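Input: a single structure, listed below in structure tokens.
All chains are identified by letter, namely A, B, C and D, in their written order; residue positions are counted from 1 within each chain.
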Amino acid sequence: MNELTYAIFLPLVGMLAVLLTNKEKPQQARVVGFLFTLVTFGLCTLVALQCFNAGDVDGYHYRVQAVWIDLGGSFQVHYSIGVDGLSGMLIFLTGLLGVCAALASWNIKQGTRGYWAMFLLLHTGVIGTFASLDLFLFYVFWEIVLLPMYFLIGVWGGPRRRYAAIKFFLYTLFGSVFLLAGILVTYFALTATGSGFAGNPFSIPEITAYARVTDNIMAPFGESAHTIATLVFWGLFVAFAIKVPVFPFHTWLPDAHVEAPTPISVILAGILLKLGAYGMLRIGFPFFPKILHEMAFYLGVLGMINIIYGALVAMAQTDFKRLVAYSSVSHMGFVILGFAAMTPESLNGAILMMFNHGTISGLLFLVVGVVYDRAHHRDLGRFGGLMWNMPIYAAISGVAIFASLGLPGLSGFIGEILTLLGSFKTTFYEHAGLITVVCTIGLVLTAAYYLRALQRVFLGETNPECESFPDVDTREIGSMVPLLVPTIVFGIYPAPLIDLIQGPVSSLVLMVKSLG
Amino acid sequence: MRAIAAATVWADNTPGDYLPLFLLLGLAVLLGATQLIASHVLGKRGVPSPAKDSAYECGIEAETSAHTRFSVKFYLVAVLFILFDVEVVFFFPWAVFFGSGDPAGIFENRQALMQFAFAEMMVFLGILFLGWYWVVKKRALDWEEA
Amino acid sequence: MTAWNVGLALPEWILAGAGLLAMWLDARTPPDKKDGIQNVAWAGVLLATLAAVFQGVRLWDPGDSVAAGGGKIYAFRGHYGLDAFAVFLKVLFGVSTLLVLSLARSWLKRVDRGHGEFVMLTLFATLGMFFVCSVEDFAGLFVALELVTVSFYCLTAFKRNDERAVEAGLKYVVLGALASSFLVLGIAFVYGGTGSLDFAALRSDDVAQDLAHGGAPLLHFGLLLVVIGLGFKIAAVPFHVWTPDVYEGAASPVTAFLSVGSKMAGITLLLKVVRACLGPGGDAGLAQATPWILLIACISAATLLYGNLGALWQGNIKRLLGYSSIGHAGYVLMGVFAFDQRGVAAILYYLTAYLFTVLGIFAVVVVVSRQTKSHSIADYAGLARRSPLLAFVLLCGLLSLAGVPPFGGFFGKFLVFQAVVGKGTPTAYGLALVGAAGVVISLYYYLVIVKRIYMEEGVSEEPIVPSRGMKAVLYTCLAGVFILGIWPSPFLELAQRAASALSSAS
Amino acid sequence: MTVGHVVVLAGTLFTIGMLGVLSRRNILIVLLSLELMLNSAALAFCAFGDMAGNLDGQIMVFFVIVVAAAEVAIGLAIVIALFRLRVTVDTDRVDLLKQ
């Protein structure tokens, strides 16, 4: 029992508390829900701060390990949690976005109790996924995330919410079937006779350590070991890529983002996409370093496709929210690109990208939400000149947009540039330079569609439809500032983030080095 | 015990073993035939004529076919009869075992065998009669109640 | 082996007594005072289950003489055996009957006649199920199974003024009798092959040898027929044709009982027979022969796909559950395919979770259909507003059926997959893939229902209030589904002991 | 005359019965065919019992007879119930449950 465990299960308690509130007085539910989100945020911050120190047990903090399910023999599932810099950072991000989203969900009118219950359950799922160090536990939390998301989109979403919800659920579940299969095959490989692995076949750290020293953890499969390893690698990759989302599997994202209510889009873009990337760094890559080395080129290409394709499609959008959604596809492409390169710079860049994209895209969705609340549409063509009657709003939006298109001095820039630098000079796979150069085109495209959007929405003379719009009120500002601050601060001084993720990055780099 | 190979399926055994069966068959045929012939011989034979075939002066010409549908009650009673009738087959193994006097030596003495056989049969009959009692109480057998 | 040991069958005695007592009371009491009979039945089943539990406690005490002797006690001169496996299943049967009886109670209030008959038949069916767990020879197998099936024929056609029910009953009888005749002929050939009706004979070394050398054609043919007969009972493709019609036509409580009790009875016998074919060590003999493994794999795959694909187009919830139950038979057969201790334990756990899940869902169906007078899924729209409890039970039930954590069904499926993948043969991997595909497909149609109950406005907003008895059933099933999903270890341990008892049985 | 002949006879009867069940429309005929199948199995039991040289087969026959009677009795009862509701014994007109 420690802060991490509390951070995982406090929202669950909160969910029950919310369900016990008076149905007639939705305000109760809101207050209770918000308070629990706030306390959770506090705990998350605590956890993240702890990660600045050196790790206590095998590089992880708040280590807890207790037998959960004992199927006899080597099949022991543990409640095994712990955080390092990477997960600590993402857990902090979760708490932060949680608070902002909570403030943004004040105007959820119907079914308030249910909404907040699901909202808190979502927290449990996400934080649990980031914290679990047991494959099976990871899977269970991973699945738990689906359920509340399904309802949050399907019940409180926009007009095509049901379609979007089912699409989201099926896509992700399709992925998690591969995840489960991968876990099982790994388990059997590690417990099979002829495997040099002595530890717990579900413990992520132990398997990672073993994969570091052995040639191929699938060795017991004999001559087909390499094939099976490759298959499992891609299976896991697909499972995570669907969440990221990587190019062929991205089609659920625009629907989900557009149909979801604003706060949920924030969580979706800010955190759920990171689940996928996190899964790759925590499980997919460390288990199969060699395969990763062989496949890095394809990952790079996928990243490139994501960047360019996402940007081009974003350009074609007339719906503000869709535009932001596709920009997420494009930005996550940089993350994949950075992973593929596996240099210190690129990894730092990619992981910073994960955090900063979390805050920035969250901010952007809030921005969209504000204007949508007023205009009840998101058609870029029907705004204009908002900066005259909504100056504060325009200022915040400006920062968000410039941060997102990677203006130096704002947090978006540092991640992108590090990624590109690292990826350009990497020797981890062939033609990295070429791919990187192509990716830089993405930057230009991004700038293009964002500036166009900026100009169509905020500049020019005020569109008569929009004259009556009031500027953002305190609650809305309150929901945006927590994201605005890191956007600016980490843009100017990213050092804290970088040394937070030092440990994980260096271990990944070591892993790559050990490949020779 | 030894598993029996397929070959032994075709092991021959003499028709003599089936003599009782054939006897039974013959008996059945004989009985049926006797009855038919008897009725044919003993029954009064009359010469058919239109007058005989037609209805009498007082009668009315038949309008509907003679094949009227049975009341569903017949089926019900028939089914019940079949069931209680068939249950009786369980008397046979019981009787055979009881009569053979326990060749396998399952019971320590004849006394125990008799007690067991008696108790067993009583239980069996008890269940049978309970069923019958239930049927009666459900008025499945009395004709009037539709 | 040669002892009478009549007292060992205590649970069966209790059930038989309860059944006959119910019969007696039914004959005595006027039509309007039948509740007493239901209480008698309830008490009887409860007592029988408790008796089984106590036997189990004795069996599982390692210091006990029984556990020392291979963990199996015989009665009726070896025609009746009791081990952890039998006890585990008897308790499952007992629990499901208790739930069904409580679920039927409120339903019977709306049926004008035949309360007594319903209770009696339920009791006799349960008696059959209990015997099924303990049979040691094919005669017992046949009689016990028929006791179950014949009772279900009557139960299916129970609402004899409802054309659909009667029609369903007729279909069930005709196809059921067909399957029974296959079973009997199969038994005849097995008998011809071994010269004995005992399961033990199948397990004898020389038979095992004959089998190993591809001998004993009679035996192979007979077992094939037996598998067909049992495949019918568990609704495995291609012997499933009756399922959707019967599920739709029969009264909901009967359907619930059918989908749990009857199916589990068939599976129990299948396991016993397959075990008997596995030679003394449980690792040789018939079921190890490749064609048989392939056969089971194919049946399992076909059943999975047929059930899940068929369910996609159903507009009637009972029909849909019929198809999905076919699919679940497929998953259980996956466990049979991986017939080792792990596989059997997986099956037992699967059945435990399945029991609570399905009965919970059917409880919802009973309550809803009572108000809406319909079983069409369209009429479940907006259920969440009409009754949050029912909606939630249905949600958890469906997700558990689909195998989503943290619900009981997930571990059932997980264990089955684990057992199959553990085989490590290409066939096993292929089967696992098909199973995974089945899971994804099934999730779609379950989600469509969830969508209706939570995300669509229904025609009417009037609340649906389950009776107190129903609430009890709903909460019990809900608790079962959750506990089995979150804290599986203890139940799993029981299942594993039962499985080891089966595999060590000799 | 050997066991083999009897078994073959039983098989033939069984097949005839099965064809009857599958092809005939009149439910009563179908029930008769089922009876035929069950009893052919009983015949096979007698034959194999003779071969195995123990009484198990004969005992099994009794069970088969009783079960067959029970099944057919229920079948008849249901047919009657159906007949009460809908005046037909033609299986092709028993199709309420087709989706």
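Just so we're on the same page, contacts are C-beta pairs under 8 Å (C-beta built on N, C-alpha and C of every residue); 3 or more make two chains touch, one makes a residue touch a chain.
Only a predicted model underlies this, so the values are computations on that prediction, with no experimental measurement involved.
K.L.:
Decide which interface, B-C or C-D, involves more C-beta pairs in contact, and give its chain pair.
P.N.:
Looking at C-D and B-C side by side, C-D shows more C-beta contacts.
K.L.:
In whole angstrom, what separates the CA-based centres of subunit A and subunit D?
P.N.:
Spacing between the chain centres: roughly 65 Å.
K.L.:
Per the centroid of Cα atoms for each chain, what is the distance between subunit C and subunit D, given in Å?
P.N.:
Roughly 26 Å, centre to centre.
K.L.:
Determine the centre-to-centre distance between subunit A and subunit B, using the mean Cα coordinates as centres, and give it in whole Å.
P.N.:
Measuring from centre to centre gives 80 Å for this pair.
K.L.:
Please compute the C-alpha centroid of subunit B, do the same for subunit C, then give the distance between them in whole Å.
P.N.:
Here the centre of subunit C sits 37 Å away from the centre of subunit B.
K.L.:
Name the residues of subunit C that each touch 2 or more other chains.
P.N.:
192, 195-196
K.L.:
Two or more other chains in contact with one residue: find those residues in subunit B.
P.N.:
In subunit B, the residues touching two or more other chains are 4, 9.
K.L.:
By residue number and range, which residues of subunit A touch two or more other chains?
P.N.:
Touching at least two other chains: none.
K.L.:
Using the contact definition from the top, classify how the chains connect: line, ring, star, complete or other.
P.N.:
Drawn as a graph, the chains match no named shape, so other.
K.L.:
Of all possible chain pairs, which ones touch?
P.N.:
Contacting pairs: A-C, B-C, B-D, C-D.
K.L.:
Please give the residue numbers of subunit B that touch subunit C in the complex, ascending.
P.N.:
1-6, 9, 106, 127, 130-131, 133-134, 137-138
K.L.:
Subunit D touches which residues of subunit B in the complex?
P.N.:
4, 8-13, 15, 18, 72, 75-76, 79, 82-83, 86-87, 89-90, 92-93
K.L.:
Flag every residue of subunit D that touches subunit B in the complex, lowest number first.
P.N.:
1-4, 7, 50-52, 55, 58-59, 62, 65-66, 69-70, 72-73, 76-77, 80, 83-84
K.L.:
Can you list the subunit A residues touching subunit C in their complex?
P.N.:
68-72, 75, 139-140, 143-144, 146-147, 150-151, 154-155, 161-162, 165-166, 169-170, 173-174, 177, 180-181, 184-185, 188
K.L.:
Give every residue of subunit C touching subunit B within the complex, in rising order.
P.N.:
Those residues of subunit C that touch subunit B are 2, 20, 23-24, 26-28, 77, 192-196, 201, 204, 206-207, 210, 215-219.
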